[in-house]
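Given below, in the form of structure tokens, are the structures.
Two complexes, one shared chain (chain A), two partners (chain B, chain C).
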Partner chain A sequence: MGLEQGRMSGSQLANLVIGFTIGSALVLMPGQAAKQDAWIAILIGLAEGLAFALIYLALAQRFPGRTLVEISQAVYGPFLGTAISAAFLWFLFHLGSLVLRNFSDYFTITSMPKTPPMAFLALIVWVCIWVTRNGIEVLARCSEVLVPLLLATVALTVALMIPEMDLRNLQPVLATPPGQLLWAAHRSATFPFAETVAFLMVIPFLNNARRAKGAVVRALIIAGLTLALAAARNTAVLGATGAISTYPSYTAVQQIDVLDVITRLEILVDTSLLTMGFIKVAVLLYGTTLGTAQLLGLRSYRPLATPIGTLMAILAILNFDNVAENIAFADLVWPLYALPFQLGIPLLTLVVAMVRGLPRKEA
Partner chain B sequence: MIALVLLAGLTVALLEGPGLIRQGYWRELVVFLALTALSLALGILLALGVELPKVSSAITAVFKALLGQ
Partner chain C sequence: MLAPKSRYLACLLLVLLLLPLLGGCWNRRELIDLAVVVGIGLDLADEPGQVLVTAQIVKPAEVYAPGEGAGGAQGPAVWVVSSAGETVFQAVRSLASVSDRELLFSHNQIIVIGRVAAEQGIRPLLDFFLRNYETRRSVWVLVAEGQACDVLEAESELNPIPAIAIMQLVKLQATRSTVAQVTMQDLVARLVSPTAAPVASLVTVFTEGAQKRVCLSGTSVFRDDRLVGRLDETASRGLLWVLGEVRSGIIVISGPGGGKVALEIIGAKSRVIPHLDGGRLTMRLDVAAEGDLGDQMVPKDLSKPEQLALLEKGMAEAIRREIEAALVRARQLGTDIFDFGTAVGRRYPEAWKNWEKRWPELFPSLPVEITVKTRLRQVGLITKPIIPQ
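Our next item is the complex of A and B:
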């Protein structure tokens, strides 16, 4: 008997992956380092992320119904397996705290500068803890409602911004030096596309394992195209100033002004961060909680949701002193720091499993 | 602030603990209490305004040293 009794459908998984990938990325906008070529960097990053995702899917399909924690126990044995699982769980936990930090920083900077960050963190973590305690099925159903709404929001803001756009802002196309473009692309692969490695804790609960591949690939492509569209929209509206904006989507959507009536639509960007950030943190909290329970051999993961969620919010505060340190971390460290977890652990596990001929067929 | 943190910790423990004891989930109870105690300790330190090490900034420093920047 597994720890998780809930099951979800392929389309629910797809919605979950879209929500997770768009997550905080719609607000932070990956690929900005490539300036007017940001949308191209995102598309290249999507290709790199898809290549990583195929590794995750191959691993998940080799061990159907098992999470990465269980897989690594089977592949590496108890000692090394525990160490590798613990490292992976740290990654999920740390990533969750980083998303939470982005979340509180966003609201501090854009709208509520004097509110202590813990006020934002406590509210969003509370919801994430709640949904984690209710299991993956509830979270999957939440995403089924929230993600289509988000995609409609993006389409609406793009349509309303057409009058503000100047397509010459997107020129010169591909003028970015190749090294800079590829680094920007790699950065958008590690944030957000390859972060879907967290789904190695979720894919096992699909009701039909054969649907996983199509659902994840389709979802990543939809999320990637949405982000590339948003990047092109921001550049077309903001021009060169877009690249220095902390939250370009926010600044761009602020420009919407239809006959002085439809204005101040940046609330749509706030809601997108609220809903998609919720999905992302909830998936990460769920993965950490379930993985910890599996690692320690517990019979239920639910009691761990509250303390682990609280620790995630505390680590969000203990991550950085200020936004500048956060940007330095995102610029330089994350694209390298994330690789062992996003590529190293899944690829190594897959190769070792293939070499050892695991899983062996039951006699 | 500290009173609030303690109250939150107590509420969580009282909501979660009795169910675990009733079901005889001792191992789960131990892990739960350990993690709750850790988060309470950190929460109190934060409420007291103690300067704690900044985790991700420390990782940045390590990477900068490794990359020779």
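Our next item is the complex of A and C:
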């Protein structure tokens, strides 16, 4: 008997992946380094992310019903398996704290500069802990409600921004030097697309394992197109001024002004971060909690949610002294730091499993 | 364990108790503790190196109770207050030494920059307004012929809040299209471009009896971020033709026999097409305008196809003259107010890399081919002028 009794459908998984991928990316906007080609960088990044995702899916398919922690126990044996699982769980935990940090930074900068970050962190982590304790099924159902609403919101803002758009801002197309474009693309692959590696802790709970591939691939494409659309929207509205913005989507949505009546819609960006950030942190907290329980051989993962969530919020504060450190980390460290976890562990595990002929057919 | 019903009630009570918290309580700012800023002026202070920030603050009681004051003497329902500082933000915060309410900038409508301050460069002055979370990029930016603080002290006959009157005045310029209407976002878009020259509405203070009034007159022009000159109303419209921002306005041309005919512009479109031919760059400019016959002071029936065709030709010539006036002025000042540079960069990204640095030298001698197409559509409720039938 596994630790998680809940099951979810393919479309619930798809919604979860969409929400997770859009997560904080809609606010932080990947691909910015490619300037007006940001939307192209995102699409190339999506292709790279999809290639990674196929590895995750192949691995999950090979070991149906098993999380990465259980898989690495089987593939590497108890000693090495534990080490690799621990490293992977660290990645989920650390990523969760980074998202939380983005979350508190955003609300501090845009609306509540004097509120202590812990006030935001405590509230969001509290909800994430609660949903983790209730199991993957509850989270999956949350995403079923929140994600369609978010997609509708993005569509609405794009429609309302049409009068503010100047499509010439997207020209010249593909004038970015190839190196710069590919680096921007790679960065958008590592944030957010390949972060879906976290779903190696979630896919096993699909009620129909064969649906995993379709659901994840479809969800990544929808999320990628949404982000590319948002990037094109921001560029068309802001032009080169987007380059100096901390949160281009926020600034772009601020420009909406329909007859002086429909204005100040940036609250929609706030809610998108609130809801999608919740899904992302919740998936990561869930993955860390469940994985830790499996690693330690506990009978239940639920008691771990509160301590791990609390530590995640504390790490969010300890991560960086200031926003400049955060930007430098995201620019230079993350695109390389994430690779061993996003590509290294899954690929190595898959290759070793294939070489060792695992899982062995019993009976 | 509580019974299901009391459990339900307990939950309901909890939710109701939590409800008041949704409004938040951290650093709450009550309306009666706030001063709503509707206009900001930026000047250089008397002390060298200091900025003078002037804020126009609404006095709510006087906006909503007109004529109820003792004696009925009506002043503007605002308070204008200034403070100096070494940076804009310091000056803004220093306003707290004279204002007993905390300033709220979310409803600011206009930012006026004084001429002398604008000549020193506006980039440093604007940083605060982008960085701060209360201020918005939809605010209108104007350059004052004199001091910005004088503009904010001027009154409006029709609106108790002068800054809102100026905001409305800027918006109304769409009916004349002789003043560039510029928001912070427009201005910043040009300030982050390596070659485009910023422009802004030009506002002038004049006295009428004992009262100060403002009028909008033309467009101020920057080189990089420094104010270098102005466009008169003709050249301003010339600029707006090129940018495709002419919404409406009146064009007066000579009718048959020398009397004047006024044509109302209904709409216009423009296309700027850079053209590279054997290393020689020219700009092709296509303007298409539509108009109606607005009034005629010529005692002759102009509602005939051949007459209208003549008027259309006259309109096209007038538009061309306006565009040429803007071109001449831009070349004199050596500033790319038309943002031709960006158009060239989009069309010829490779060649642009060489031109970008030399653009200030290249721009004044850049040949521009102007094509104007005009169409007159309506003649109004009378077809013939008031002449004996």
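In the analysis below, the second predicted complex is superposed on the first by the 363 of 363 C-alpha atoms of A that agree within 3 Å, B and C clash if a C-alpha of one lies under 4 Å from a C-alpha of the other, contacts with A are read in each partner's own complex, and residues count from 1 in each chain.
The rule is short, and it goes like this: a contact is a pair of C-beta atoms (placed from the backbone, for glycine too) under 8 Å apart; a residue touches a chain by one contact, two chains touch by 3 or more.
Fair warning: this is a prediction, and the values are worked out from it, not measured in the lab.
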Clash or fit (per the criteria above) of chain B with chain C on chain A: fit
Arrangement angle, chain B at one end, chain C at the other, chain A at the vertex (C-alpha, nearest 10°): 110
Superposed model, chain A: greater residue contact from chain B or chain C: B
First, second, both or neither for A:T310, with chain B first and chain C second: first
First, second, both or neither for A:V351, with chain B first and chain C second: neither
First (chain B), second (chain C), both or neither touched by A:I327: neither
Which superposed partner A:L123 touches (first chain B, second chain C, both, neither): neither
Touched partner set for A:G297, first chain B, second chain C, both or neither: first
First (chain B), second (chain C), both or neither touched by A:D257: second
Smallest separation of CA atoms, chain C relative to chain B, angstrom: 15
Residues of chain C touching chain A in the complex: 24, 26-27, 130, 133, 136-138, 185, 188-189, 192-193, 343, 345-347, 349
Chain B contact footprint on chain A (complex, rising order): 94, 98, 118, 292-293, 296-300, 303-304, 306-308, 310-311, 314-315, 317-321, 325-326, 328-329, 332-333, 336-337
Contact footprint of chain C on chain A as seen in their complex: 109-115, 119, 168, 171-172, 175, 238-241, 243-244, 251, 254-255, 257, 263
Touching residues (chain side chain B, partner chain A) in the complex: 12, 16, 19-20, 25, 27-29, 31-32, 35-36, 38-39, 42-43, 46, 52-57, 59-60, 63-64, 67, 69
